[in-house]
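What follows is a group of structures, each given as structure tokens.
One chain, subunit A, appears in both complexes that follow, with subunit B as partner in the first and subunit C in the second.
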Partner chain A sequence: MTGLKGFFSSRWGPIATGVVVGVLAPILVKLGNPGNMGICAACFTRDIAGALGLHRAGVVQYIRPEIIGFVLGALVASLAAREFRPRTGSSPFIRFFLGMFAMIGALVFLGCPWRAYLRLSGGDWNAIPGIAGLVVGVLIGVVFLKMGFSLGRNRPAPKALGWAMPLLMVVFLAFLIFAPQFGRDAEGAATGPIFFSAKGPGAMYAPLLFSLAVGLLIGILAQRSRFCTIGAIRDLAILRDAYLFWGVVALIVAAAITNLALGQFKPGFADQPVAHTNTLWNFGGMVLAGLAFTLAGGCPGRQLFLSGEGDADAAVFVLGMLGGAFVAHTYSTASSPAGVGAFGPIMVVVGLVFCLVVGLTMRERRT
Partner chain B sequence: MSEAYGVVLFFTTSSAIRGEKVAKRQGLRVKLIPTPRQLSSDCGMALRFAWRDADDVRRCLEEAGVENDGLHRI
Partner chain C sequence: MNDVTIVDARGLSCPAPAVAAKKAMKTQGSGRIEVLVDSGTAQDNVTRLAEGAGWKVTAEDLGGGGCKLTLEK
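The block that comes next holds the complex of A and B.
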């Protein structure tokens, strides 16, 4: 056990996590998940928002067990390692909006950083401007960090607070399994939610137990190794340290090999699954997402893992992502394979202005 | 025997960056590193220093008012 513990604390931890994600994500696609979307923290949270009825885009509604697994896996790992520490107080209200705009930006590109890397390894070259935007967003965030940006420190909180998010995930799991119908029309007939897509990406999913198991495994590994796709770029920029970065490289390489082996590697720009070819806004959307994630201290995956180990501020960020899904699919800012949404570009600009104001005004208070 | 090191843990990334700045201004040999995994902390960055400088590092951070989560020998 000590050996295993040491392994995940070592520089091999993020690499091992990256390899596991890189191998399992394409397998999830093979087993039913949408193309190049074996795992996507943004898309999957968006699907959950749709299933709950927070938006009514009928093609993207499903309670994704991977997300539930992420949180519960991190919970289990943190409990086992005595790292479960309920805490809060680091500007949760601001974090809600960072989560919201991160989601809005990600849905202009059509994917979180994880999916950006997975799209790249599936041969979707539209991911390249997305990843370039992500790097630019993180670097802008690093400038703010160097100028003294801070959301303030958190404080220990009562144990119960840390259990709230895992409990919410258990409720989601129950919704997924029992599919209760809460909506009723005038005649009393069930109208949903809970909604499940009949067609489109929301209707494409791997078997529940397999998805949940993959989510749990990744949640455990990532909690132990601190795998973070945003921290990877940030630490490279500030510390010149590639500890987390090698995890991302491992993910891309492992996923590319797995995609090749499964016959899922299809290089090109056109006709990629759940993607569009607008280079400018593939880039712009991810600048916003990268900046918002950096200001909040981690990629969406990391926010989910943190929420599982008791970080209530990260949990609020995740709620903000649900809110962002509501905005994106109700106010026509989300892209679709047909192209960028009507209000996508303007909302990216609004989000960037919001992040710039936050970055300039939220500063460490000197003690 | 190799030189003994210590790290300062912080609550936020910006404290860590400010900590590095003030320590370097005092001529202390410090380096920002990813927080050693076995030392759990809220912030992913820690400040490494030679353990024999521990008192100077502590004083320097205190004088500059950089909030931290303590000095730890590694």
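The block that comes next holds the complex of A and C.
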């Protein structure tokens, strides 16, 4: 265990995690997941929101087992390493809105940071302005961090609080397997939710058990190595620490090689899967997402892993992401392959204003 | 030389524990710094940064997930 622990806290931990994600994500696409969307914490949480009936965009409704695996894998790893530590109290209400706006921004670009890197490695050059926006968003967050921004300290919490999020994931898994129908139409016949897309990206998925296993594996590896696609940029900027950065480089390289090997590397801007070509808002959406993730302390994957190891504030962030999916697909802020949504750009501006106010006003109280 | 700085980084989100420890190392230059952390992530990050900057790090388990990292140079 010491050797393994040493490996994961060495520079090889994030690199190994990045390679595993980079190889498995394109394989998930090969086995049925949407194009360049082997794994996407934002899209997949949005699909779960749709399945639950939080939005009625019929093409993006599915309970993604990868997300369930992320949380449960992190739970298992943190229990094994004696790092499962229920905690809360670091501005959960603000974190809800950070999660919401991060999701709204990500769905203007059409992908979380993980998918931005995966889109790049699949040859979707629209990811380049997205990643540029992500870097800018993170750097704005770094400025706030240097000015003393903090959402405050969390505190140890009763054990039960730490188990709530993993339990919710078990409920989601039961919904996925048994597909109960909670709705009733005018005639009283059973209908969704739970909704499952009949067409579109929500109807594209790899086999359940394989997706769940991949999620569990990545959850375990990422909990041990602290893999974070936002921390990769942030720590390089604020600490001159490339520990996490090399993990993201490994992800991109491994995914590009795997995509080439599987014949899934299709370079260009036009006709990319689940993507649009509006450079300004590919950039702008990710500025918002990058900033919101940075203020919340990590990328959406990291928030899911933290929620699995007992961090209830990260769990509230994830609930905020579900809320963001509701807003994005109900108030027409989400983009589609046809282009940006009617209220996408204005909502990005609203989100940026929110994040700037949070960044400028939240400070740790001296005790 | 005998200055001891105590950094309480318990309960702080990433990257605050590492940033606080780095600031203390930069301010003090040498001597002894005690960093209180309560997550494996913070412990790993502070340890890696301190060792990278030539500090000797010893960890003392405080129970309940807490840990005192003593940095010496």
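The rule we apply is simple: the second predicted complex is superposed on the first by the 367 of 367 C-alpha atoms of A that agree within 3 Å, B and C clash if a C-alpha of one lies under 4 Å from a C-alpha of the other, contacts with A are read in each partner's own complex, and residues count from 1 in each chain.
We adopt the following convention: a contact is a pair of C-beta atoms (placed from the backbone, for glycine too) under 8 Å apart; a residue touches a chain by one contact, two chains touch by 3 or more.
Because the structure is a prediction, the values reported are computed rather than measured.
Q: Given the alignment on subunit A, is it a clash or a fit between subunit B and subunit C?
A: After superposition on subunit A, which the two structures share, subunit B runs into subunit C.
Q: Considering only touches as defined above, state whether A:83 meets subunit B (first), subunit C (second), both or neither.
A: In the superposed model, A:83 contacts both subunit B and subunit C.
Q: Looking at the overlay, does A:156 come into contact with subunit B only (first), subunit C only (second), both, or neither?
A: So A:156 only meets subunit C here.
Q: Considering only touches as defined above, state whether A:231 meets subunit B (first), subunit C (second), both or neither.
A: A:231 sits against subunit B and subunit C alike.
Q: Considering only the touch criterion stated at the top, classify A:296 as touching first (subunit B), second (subunit C), both, or neither.
A: second
Q: I'd like to know which partner A:241 touches here: subunit B for first, subunit C for second, both or neither.
A: both
Q: Once the two structures are fitted together, what part of subunit A is touched by subunit B and by subunit C alike?
A: 9, 83, 85, 87, 90, 145, 150-154, 226, 228, 231, 235, 238-239, 241, 243, 297, 364
Q: Along subunit C, where are the residues that touch subunit A in the complex?
A: 10-16, 18-19, 22, 38-41, 44-45, 47-49, 52, 64-65
Q: Looking at the complex, which residues from subunit A come into contact with subunit B?
A: 8-10, 13, 83, 85, 87, 90, 145-146, 148-154, 225-226, 228, 231, 235, 238-239, 241, 243-244, 297, 363-364, 366-367
Q: Under the touch definition given earlier, write down the residues of subunit B that touch subunit A in their complex.
A: 11-15, 17-18, 32-34, 36-38, 40, 42, 44-45, 65, 67
Q: Contact residues on subunit A for subunit C in the complex?
A: Within the complex, subunit A touches subunit C at residues 9, 81, 83, 85, 87, 89-90, 145, 150-156, 226, 228, 231, 234-235, 238-239, 241, 243, 296-298, 364.
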